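Both complexes shown next keep subunit A, but they swap its partner, so subunit B is in the first and subunit C is in the second.
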Partner chain A sequence: MSEKTDKNAKTGTADGAGRRLSVFKTYKLYVGGKFPRSESGRVYEVTDSEGHWLANAPLSSRKDARDAVVAARKAFGGWAGATAYNRGQVLYRVAEMLEGRREQFAAEVADAEGLSRDEAATQVDAAVDRWVWYAGWTDKIAQIVGGGNPVAGPFFNLSSPEPTGVVAVLAPQESSFLGLVSVLAPVIATGNTAVVIASERAPLPALSLGEVLATSDVPGGVVNVLSGRTAEIAAPLAAHQDVNAIDLAGAGEALAKELEIAAADNLKRVLRPQPVDDWAATPGTERMTAFLETKTVWHPTGSLGASGSAY
Partner chain B sequence: MSKKNKKTRQAAVASAAEAGGTLAATAAATAPVAHAAPERASAFAYAPAPESRAVVDIAPSYGLFIDGEFTEAADGRVFKTVSPATEEVLSEVAQAGEADVDRAVKAARKAFGVWSALPGAERAKYLFRIARIIQERSRELAVLETLDNGKPIRETRDADLPLVAAHFFYYAGWADKLDHAGYGAHPRPLGVAGQVIPWNFPLLMLAWKIAPALATGNTVVLKPAETTPLSALFFADVCRRAGLPRGVVNILPGYGDAGAALVAHPDVDKVAFTGSTAVGKQIARTVAGTRKKLTLELGGKGANIVFDDAPIDQAVEGVVNGIFFNQGQVCCAGSRLLVQESIHDELLDSLKRRLSTLRLGDPLDKNTDIGAINSAEQLARITSLVEQGEAEGAERWSAPCELPGNGYWFAPTLFTGVTQAHTVARDEIFGPVLSVLTFRTPDEAVAKANNTPYGLSAGIWTEKGSRILAVANRLRAGVVWSNTFNKFDPTSPFGGYKESGFGREGGRHGLEAYLDV
Partner chain C sequence: MSSTAPTSPQPSPTPERAGAPAALSDVTASDGALRRFLHGLPGVDAVGLEARAASLGTRSIKTTAKAYAIDLAISMVDLTTLEGADTPGKVRALGAKAVRPDPTDRTAPATAAVCVYPDMVAAAKEAVAGSAVKVASVATAFPAGRAPLAVKLADVREAVAAGADEIDMVIDRGAFLAGNYRKVFDEITAVKEACGASARLKVIFETGELSTYDNIRRASWLGMLAGADFIKTSTGKVAVNATPANTLLMLEAVRDFRAQTGVQVGVKPAGGIRTTKDAVKFLVLVNETVGEDWLDNHWFRFGASSLLNDLLMQRQKLATGRYSGPDYVTVD
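Here is the complex of A and B:
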């Protein structure tokens, strides 16, 4: 590839003058807490906004998608069962780890989206803050959307939100990092586990995020990141019987419809793509509630009278 | 019971049998067959206590209710609705088709502007009026519902109708308080809601659909089920009495084709469906790729888990209520009994004893426990699944009772020796059929309870509070009843996990389905 020389120019080429040869990074998937290549052995070339080669990314297969679902399902019980406080701690830890790698992500986002370094850094900062925002939500959302219900009878009646399960997330195509974090964080803040399809054209920030998550006490399998052709990976996820919900943020109109039809087969919760003008705007709670179930538990309150029975 | 009483009641049973035999004989506590111990059976016999039909006046024919008027179907089609208890034709009803759906949606669209612009407090007052009129006419509506649906008058009178009125009362109060509902300031209605409801709780399902839709400022086109159109048409009259503006509520009796046309109509903004999972999936495919908001309340295969420390008598009552309420034609029915192995025999003995005392027969009799199955089609489905259960080797036991000669009836039935692989443990039967499975540990109980694509309801019976909470936490079901079952309230959100659908009806949660949030 001819542009390769440009990339090498940017990252340094060894020459007689003693300039150091840089080390390229092999971008890999993040599945079940590990960093596998695609089982298919395929990669595709990722370029910057001007067409210059940046790296090869794994071209995930349907089998990679299924493996990721298995990993996400395996992680679900533990993550959903963790205390909300603990999940908040872990999400905050993600923000801490990300802050420390701010420069790396700013560079990757700048390349991926054709932004200046400053603009890219603003995106990364917003993404860090977004993790902090959702970290704080983990132990509050239940109080916002759940609560006691004053039923007309001698019953204790409580509604609580619970995570729906494994959520397939099609990350936004344009906002490769802030957009990704904005759709991923609410899914796992509420106790779901995720299989994320990175932006097809700009997957590198998402793949690097896997490295951050792996070192942030996020249990393996809670987040699984796949790169490749969105439509190719999304189809088996939308049809998968062990996926509970799908966020279509990164799907175009035709693909979204096709996936929603496939998702009906086991009645997945579907979050349709919505136009987002500014990923940096403060989100509402909708991305959390979209993947929450409401469980209502009844119990007789009985009486302290002499009737003898509590029922 | 005094000897004299006993005699009177025996005589009453005899005369009831002469009068048409719809009042079933009931078995004695220990008698395996009703007629084996007539002396004991009489102890459980009741005099006929029929609720009067005179309170309801059913017209020979009804139209569609569109834009505030009763009207014929565009193509003039009609269908008959029968009493499932006697197969008597109750009335002839206009059958909506695609053209009628279009007309109704247009009427609802036209009404939406004015209705949604009304101050919430004014919309509230309409709903309060409706609630009050329903309360005033509740006996009439209860008798009507029992006639058209076949369920016992005791249930329509004591459960369906009070809940219907309560639902309108509850959502009436929300209409001017939506800013405080947690969906942001000034949440907007969606527009025209297309609603398709089932036949098992015709008027209650109508209330669950229409009350929140109107409170939030939407207008509705509702299709009742083809076997139970009458109470929805009476509701149309309630709307007229309440002075509800034309077109805000439109009622389209009809079959599945009308429902499909409504769901697919391009000018419908919101689709709400209660019914089978298969149809729910079809609807989800239909609305895919549109802007229509969708809520689905579908099937279930609820597990009722009884631990060895549960108070047996209360648990038996709960299990009976769980699967035989409304002849088991309840989406959240506790159709799987998971009993801890050590008390299996004791519980089953009690259960069979109790089932033998259930009175099956004339739904209008105030003492009737088990009414008619809603339709010949549903009866055929129940019969076929029960036959399959037997063929697969589960052991069938049916309560000893006589089934009336006319109408659609099925005796309370349970299967023992059921494994998770049996069809009767997996498929929703939607009838008075209970599958009994066993477990040893709480873990096993939870695993078995969750081993279904459904996730609507579950029950837990134990005296141990911490066990209730631990098990409730792990059950993947939208409603968990502990030491009780089949309780409903307008303030309490209802709806399923997994293939039991999505969205909630009831409570603050129920508003979301009808708001642009």
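Here is the complex of A and C:
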């Protein structure tokens, strides 16, 4: 790494009038509200779309995955128990924070995906809007997938959606930022907590998103971001007994099949990879409902007497 | 030693004793002699002690060694519930868990003991009846120890009468810190006598309140001289509980005590040990400091409640290759 750093340091400052040393960013994982390096101490080289070195990203091990699940489980009670309105405010806050770092993300996305600055900025704007969109859904999803059920008896019968628990998310491999936000936001909007495996080739925007989440009132552990070899980290997550659901968006066909088999052991909810042509299109509610369970309660209405109500 | 675990080997000769062993009888002859002896103990090199404990914590214990360590640690757990809200039902549940920690895997060993307040001893005794699991009871006005001696002794006698196999007493930290070693010594001797022949005595120093390593070393020797069968770090009720460093210091004390007197004393770190990784670090400390003679639940215990669940989850991981979760162990 030092060799590469030196090379970049030279080219990076050659045109500046006042020469100063470049300050490179150490990308780190985001687990439990903290920014650890990989437990294994490993890193791997991340390059732009043309193969030029950008940074070293942590190469997570299965133990990082385990730690992330522990953090996500710990955060679940508080996040699921927060009011939907409050979760909406927090998600909106994420959008606010992202807006302020728009330039940084546009640069990272441009490097990662080989886009022009304008194209990348469009992607980042769409991602910010996506957070706002899901922020609005947090206290509305219950109305469209829950409700009162008509029953033949003196009961109220109410169904309400409940978060599933800890969700492992394999972020899309190609769309490193908009795709990531599009699969992550619906998971946490409904009260789940997430362990996200960033795009293997382009993890930097995802790792930077951790810094945004850490400063947006998202409780530590609600989102945990890992970078590394998707297949290596996903396998223990799919088999993990304390993970309740898995989104296979970033898995290839063979890997998805293997992970689905491993996930069957504790009856995880599995969202199979679906082809997405345009991540910017309005997503619909499927990604939210995929990680909701329905709780139905019967409540006796009792005798209503003189009030005259004829429920 | 007064009681013998049926399943545990007796690795060293442990002669019957009352009060100080013969080799050191002169140091307990008077208040002045006791003070001179305790203050004559070599000072503790705090930096060296902590560095040694930390370096032993870096050992990597994997695969079969890890499986062995996990089972050993489970068999050393004193499964503890010491809450004001303890009910007979909770104690029964704890007893059932102590006897069969993992109902889905009958190869999991039983824990060493359940540890409860004196009024719950009878319920605990009933819950572990027919197994090798012992019942330990805290006594002597646990956790503060601020009560007259007569009350403390009555507390102990009640617990022993109810069937406790082990008594966990707290020392009078106030007297100890005031330099009144004789009072602490006499109290431990009196409690030891109240334990009679049937109960082993664990002496809790509450290391978090003793401030210095020198004090912990003095307390360890004081406890052992007074006839403790076990020395125990803490009550679990203060901010600083068992740490690798203070446990290492106590292990060195029991090692030196056996070298001088031939009497083997057990060690029990308690409080704050929550993960398998922590527990394995303590086992490494034991093995490297006092050796295999202490790697047995007759001589080394963990005072813990949440540790057992983590040990069981790690055990399940080793057995199945899949990470387990809190849904697969009991909620205590």
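The rule is short, and it goes like this: the second predicted complex is superposed on the first by the 288 of 311 C-alpha atoms of A that agree within 3 Å, B and C clash if a C-alpha of one lies under 4 Å from a C-alpha of the other, contacts with A are read in each partner's own complex, and residues count from 1 in each chain.
Definition applied: a contact is a pair of C-beta atoms (placed from the backbone, for glycine too) under 8 Å apart; a residue touches a chain by one contact, two chains touch by 3 or more.
It should be emphasised that the depicted structure is a prediction, and the values quoted were computed from it without experimental measurement.
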**Prompt:** Given the superposition on subunit A, are subunit B and subunit C in a clash or a fit?
**Reply:** fit
**Prompt:** Of the two partner chains, subunit B (first) and subunit C (second), which one does A:Glu45 touch, if any: first, second, both, or neither?
**Reply:** neither
**Request:** Between the centres of subunit B and subunit C, viewed from subunit A's Cα centre, what angle do you get? Round it to the nearest 10 degrees, please.
**Result:** 80
**Message:** With both complexes superposed on chain A, which partner does A:Arg73 reach: first (subunit B), second (subunit C), both or neither?
**Reply:** second
**Message:** Applying the document's definition of touch, where does A:Asp265 land relative to subunit B and subunit C: first, second, both, or neither?
**Reply:** both
**Contacts of A:Asp118 with subunit B and subunit C, given as first, second, both or neither** = neither
**Request:** In the overlay, answer first, second, both or neither for which of subunit B and subunit C A:Val145 touches.
**Result:** first
**Message:** Between subunit B and subunit C, which one contacts more residues of subunit A in the superposed model?
**Reply:** B
**Complete:** Distance floor for C-alpha atoms, subunit B against subunit C, superposed on A, in Å, equals 5
**Message:** After overlaying the two complexes on chain A, where does the subunit B footprint on subunit A coincide with the subunit C footprint?
**Reply:** 265
**Item:** Interfacial residue positions of subunit A with respect to subunit B in the complex
**Value:** 144-145, 149-153, 155, 157, 159, 164, 244, 253, 256-257, 260-261, 263-267, 269-270, 284, 286, 289, 293-300, 309-311
**Contact footprint of subunit A on subunit B as seen in their complex** = 166, 182, 184, 277, 280-282, 284-285, 288-289, 296, 298, 311, 314, 453, 468, 472, 475, 477-484, 487, 489, 491-495, 497-499, 501-502, 504, 507, 509, 512, 517
**Prompt:** Taking the complex as given, what residues does subunit C use to touch subunit A?
**Reply:** 316, 321-328
**Request:** Report the residues of subunit A in contact with subunit C in the complex, numbered from low to high.
**Result:** 66, 69, 73, 236, 239-243, 265
